[in-house]
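Multiple structures are listed underneath, in structure tokens.
In what comes next, subunit A is part of two complexes: it sits with subunit B in the first one and with subunit C in the second one.
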Partner chain A sequence: MELKEKLVSSFLAFENKGNIDLDSTVHAIRLNAIHNFETAGFPTKKDEEWKYTSLNPLLKNDYSLFPNAEKSVGFKNVEAYLINDIESYTLIFVDGVFNSFLSETTHEDCDVCVLSSALARPKYKMVVDNYLNKIANKNNSLAELNTAFVKEGAFINIPKNTIVSKPIQIINFSTGSEKEVLLQPRNLVVVGENSHVQIIERHQNLSKNTTLTNSVTEIFVHKRAIVDYYKIQNDTNESSLIDSTFISQKQQSVATVNTFSFGGKITRNNLEFYHEGENITSNLNGISILNEKQHVDNHTLVDHKSPNCESHELYKGIYADKSVGVFNGKVIVRQAAQKTNAFQQNNSILIDDGATINSKPQLEIFADDVKCSHGCTIGQLDESALFYMQSRGIPVKEAKALLLYAFGNDVVEKIKIPQLKSLISKLIAKKLNVQLGFEL
Partner chain B sequence: MLKINNLHANINGKEILRGINLEIKAGEVHAIMGPNGSGKSTLASVIAGKEEFEVSEGTVELNGEDLSDFAPEVRAHKGVFLSFQYPIEIPGVTVTNFIKTAINETRKAKGMGELPAKEMLQMIREKADLLEIDRKFLSRSLNEGFSGGEKKRNEIFQMAMLEPQLAILDETDSGLDIDALKVVANGVNKLKSEKNAVLLITHYQRLLDYIVPDFVHVLYNGKIVKSGGKELAYELEEKGYDWLK
Partner chain C sequence: MGKFTEDDLKKELETKEYEYGFYTDIESDKFPIGLNEDVVIAISKKKNEPAWMTEWRLDAFRIWKEMTEPEWANVRYEKPSFQDISYYSAPIQKPKLNSLDEVDPELLKTFEKLGISIGEQKRLSNVAMDIVIDSVSVATTFKKTLNERGIIFCPISEAIQEHPELVKKYLGSIVPKTDNFYAALNSAVFSDGSFCYIPKGVTCPMELSTYFRINEGGTGQFERTLLIADEGSYVSYLEGCTAPARDENQLHAAVVELIALDDAEIKYSTVQNWFPGDKEGKGGVYNFVTKRGLCEKNAKISWTQVETGSAITWKYPSCILKGDNSVGEFYSIAVTNNFQQADTGTKMIHLGNNTKSTIISKGISAGHSHNSYRGLVQISPRANNARNFSQCDSLLMGDKCGAHTFPYIEVKNKSAQIEHEATTSKIGEDQLFYCNQRGINTEKAIALIVNGFGKEVLNKLPMEFAVEAQKLLEISLEGSVG
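Showing the complex of A and B:
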């Protein structure tokens, strides 16, 4: 059976099995979504938005949709993937199931808990009704697929005037208890007026089996709120990720998403910002460092609808071996969005002849009093810089790594959590296969 | 220390060095002068091992060892230092981190452990003071946004840190005002000893007022056409290069 048919035919069973007492809104959302998915199906390369990324290699697998046998996972199995040297809230999911033993939730000043309980409890009905599936793009059939099976993920609800003192780590592990597994985490983040939260999200396969994760995150950023969101994508070569993140921002809010892609077989990031008010700032930063046959596709959208807002986008990529990078950065400045400042930059280095980058800046500007710029460079390592470093005794391998480090540095510099910055530096050094005597 | 025998080098088949012979002994300062395009910078690059240039004939020996097959970093480990005419900007790597990496890689190549952080810091401070370099300067990205003078001063700072046997200074005086030139020259003079040697490459005699050479060579069209003492520099300053053609 094809994956699409399998999913559609599993839907009823999934709905009936849901013994949690869901209210009818969620059922209606799911039902609508499965219809949309059934109509649209999986995107193909004929679809303009999927021109450079084919899902075919992923769709032929016989995924287990509801892995039942949860392998027992202890702290020592997952320790390496957590940032341990800081106080944090942690939401750990193992094969799609929340692991309360490894997690640290809270309901004190804010809610950092799981979506399944939020969906089931009357206390959160208002939040769910107001926000769930409100900004997920209905033209994104994979997001619709996720919505059809919406059940579990992070639920982060920050009331107004709250600075969340500790970062929140959301980590989705797969254990390989089944040969091929499809996971569909769903995160809902609502940040009230004047509040601030930092979130780190990671997906990690602990086995050599195949995992496909189709993740959706909706983030609502209210007036003057600040959200810093970090995505660590450093999974095994048997793991693929389709991540769709939708962000709605109210006036004077600042939302930043930093995406670090160092691993995984196929990674597709759909990152969309929607402005609903004036004086909004959106920051989108990313580094991809890929080798072998890894493939990362960053599709971003910033939809400027109101005046006096700004967006800053910086994506860098280093591609070795036969890896493939895609950057498609769309910026829409609608007629009402006068005095918009929108900047976009995509810089890539191709290390080997077999590596590919497809870079596509896309600016649609309908307002006349705006500042918009985009820049795209694709290059190789600077030979004269290499010689300069070698002439000071730095061997060519380390010299290359240092140059690549330096190339990615302005994105690393944007990380506001020192321990995370140090982790990312280490991941980069590991990816470049060098030991440098310092951290940038 | 350095012995160059009948050195021929070309870039993409275009011959630039056409049979250079030069011997530099420990404790000596040599200056190479010559008009634009005579091959001065090429000679410096070839000694340092730049791969763009193909050596078709001849050898470069350091302490009796032929350098031909060694990569630039290996030459550096053996004691060759090239101060660049146009130092490269490396955004994102601070002066301190760069020099630390260079020193520790050199030590690693010699089978030594890393220099303890405290000693490194002390050495950095000492050498920075020698070249009148502001401490703040050390945490800036290497050469990025540096003025011409700052770049050159930074080159000599690196040389002071690496303590090479043979320092080749390629047009170190260009882009320097007279005060900066004095600081740089003073640094070089203080680092000079009986155990090391300096090869100055310059257009003008000006630098040689401050770093006094034992020998001056005139490079013209890929060959050394005349050698002499420091007085040769004054003669060139007065007469230009035409009389040598």
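Showing the complex of A and C:
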């Protein structure tokens, strides 16, 4: 049976089986979403937005949609994937099910808990009604698919004037309890006025079995709030990730999303920013370092609707072996959005001949008093710099790695959590397969 | 000092009618509307074409029937009904013309209005012109001079008769019948166009030029241009257009094929000023053009275009850089005003080693218009040391227009070096203020600034066109600032 049919036909079973309350709003949202998905189906390469990424290799698998009871996972198994040397709230999901033993949640100053309980509790009905599925792109059939099966994920609700003392880690593990598994986590983040939160998200496969994750995150950033969001994508070559993140910003807010893609078979990041007020700043940073047959597609959209806003976009890529990198950055400046500053940059280096980069930096501008630019370069390491380093006794391999490391450093420098910065540096060094010879 | 305010300027520009909008009363030999195999055969017969050509057209027609109109371009318009168009219209012709005196005086007047009197052109600018009015060439000049060097420059209908071996070999080799909807349509019904062959090692002594015009209301014009530069030759080709004001939309689907063999160089310049529609966006020409060139070893193709006209423009002059060390260049200024929509750009396909390409695109949008740059730079896995530089700048005038960029960059070779940059801005108030303060009125100041903005492209135009192009920019601009 085709995956699409399988998903559609299992929808009823999913709704009936649901041990969560069939809240009428959520039910209506799901029903509508499954209809949309059924009409649209999976995107194909004929779809302009999917021109460079084919989902076909992923769709032929016979995924288990509702993995059976969680395989026991101890702290030992997952320790390596957590940032342990800092205090943090952690939300750990194993095969799509919340693991309370490994997690650390809170309801004290703010709510850091799971979506299923928020859906079930009347206390949060207002929040759910106001925010759930409000900004997820209805034309994105994969996001609709996720919405149809919305059930579990992180629920982060920060009230006004709260600075969350610790970063929040959201980690989705898959244990390979089934041969092929499809996970659909759904995160909802609401950040109140003047509040500040840092979130780290990671998806990790603990086995050699196939995993496809179709994740959707909605983030609402209220007036003057600050959100820093980090995505670490360093999964196994059997794992694929389709991540859709939708961010709605109110006036004077600052939202930053940093994406670090070092692994996974096919990774697709849909990142969409919608501006709903003046003086908003949006930052999008990304670094992709790929080898073997890895494929990463960064698809971004910044929709400037109001005046005096800014967006800064910086994506760097290093592609080796037969890897494929895709960058599609779209900036829309609507007629009302005068005095917009929108900058977009995409720099890539191809290391091997089999590697491919497809870059499409796109501007759509309807306002005249704006400063918008995009730049895109594809090139190699500077020969003379390489020669200079060799003349100073640095072996060519290290010299190359140093230069590549420096190339990506712009993005690494933007990380505001020191422990995370050092983790990313280590991941980069590992990925470049070199001892940099200095402590990162 | 004259009180010429922005509002005055806006008013003046809005009321400014299309200068070249007139209609020449020439008796036309016109086909009934509609398109089917019989019409295709009839066109072919009309031109006394050999059987292989008729077959070629029919083949294209059959392919076209299976195709659907492309919708990916960033333009919105009412699709033309292809059955409501007459596919052939030629001025009733006197037998072969040898001198200008024989040309219909009405026709000569038309040229005069356009400011391109043939006689003057002949004497002053040393330009040989193959003038096309509604699909059929009526006057060809300078043929003799060209003949002496072995250069063939004639209407393509004549080339089919007299040089079938060249036409057979190259026609459709760069833009195949199956290429796209409009190319297929053109292949089936093309009425006329220019054919040019420059022999080995010959540098064409003059700029070759044609003027395409759409004259008869309701007729689409489908020209076909084929230009072959043999090894080591050089040619500079100019193409310029104006069209009379018409209420119904006119369809124009041309195909241009350039072939630059080893060491050859082709410079192809276009000034396009077809009727853009009135200020409500009514009327105007639909311009769906397929232009493509092939570069062999060490060859160079350079496209330069100034696009100010047409209601809808859909045009991507492209270079296939097949040979090693070949060079492709694209310089473009596209101006849209009122309700014009342009989706234009280029494709640079790098196949050979050490190939280089440069793209400079300047878009200026005013009024309610939309101007899109859509370009592809593709480096194939075998193209070592390929180099590309792209720059697309947009200038917005007023807050009702749009400027869009859709660059596609696809690189499959590690030694490639690609740079792409794009900016969007408006005319700076300080720039305007400075000009005003020096006694230059706002209208002139805008023209000055816009000319400066487009300088890099205007510089690439041959002398004869540069002046005309600057004038065109001034005419077609609406300087609603701020």
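Note that the second predicted complex is superposed on the first by the 437 of 440 C-alpha atoms of A that agree within 3 Å, B and C clash if a C-alpha of one lies under 4 Å from a C-alpha of the other, contacts with A are read in each partner's own complex, and residues count from 1 in each chain.
Convention: a contact is a pair of C-beta atoms (placed from the backbone, for glycine too) under 8 Å apart; a residue touches a chain by one contact, two chains touch by 3 or more.
Model, not experiment: these values are computed from the prediction.
Steric overlap between subunit B and subunit C is absent once the structures are superposed on subunit A; the two fit side by side.
More residues of subunit A lie in contact with C than with the other chain of the pair subunit B and subunit C.
Of the two partner chains placed by the overlay, neither subunit B nor subunit C lies in contact with A:85. When the shared chain is aligned, subunit C comes close enough to touch A:351, but subunit B does not.
When the two complexes are overlaid on their common chain A, residue A:5 makes contact with neither subunit B nor subunit C. In the superposed pair of complexes, A:47 makes contact with neither subunit B nor subunit C.
After overlaying the two complexes on the shared chain, residue contacts for A:377 are found with subunit C alone; subunit B is out of touch. Of the two partner chains placed by superposition, only subunit C is touched by A:366; subunit B is not. In the overlay built on the shared chain, the residue A:390 is in contact with subunit B alone; subunit C does not reach it.
Shared-chain residue A:62: touches no atom of subunit B or subunit C.
Nearest C-alpha atoms belonging to subunit B and subunit C sit 15 Å apart in the superposition, given in whole angstrom.
The residues of subunit A shared by its contacts with subunit B and with subunit C come to none at all. Every residue of subunit C that touches subunit A in the complex is listed here, in rising order: 72, 381, 394, 396-426, 482. By the touch rule above, subunit A contacts subunit C in their complex via residues 48, 52, 335, 338, 348, 350-380.
Partner subunit B is touched in their complex by these residues of subunit A: 382-385, 387-396, 398-399, 402-403, 405-410, 436-438, 440. Those residues of subunit B lying in contact with subunit A across their complex are 48-52, 71-73, 75-77, 80-82, 84, 87-88, 90-93, 97-106, 109, 114, 141, 158, 162.
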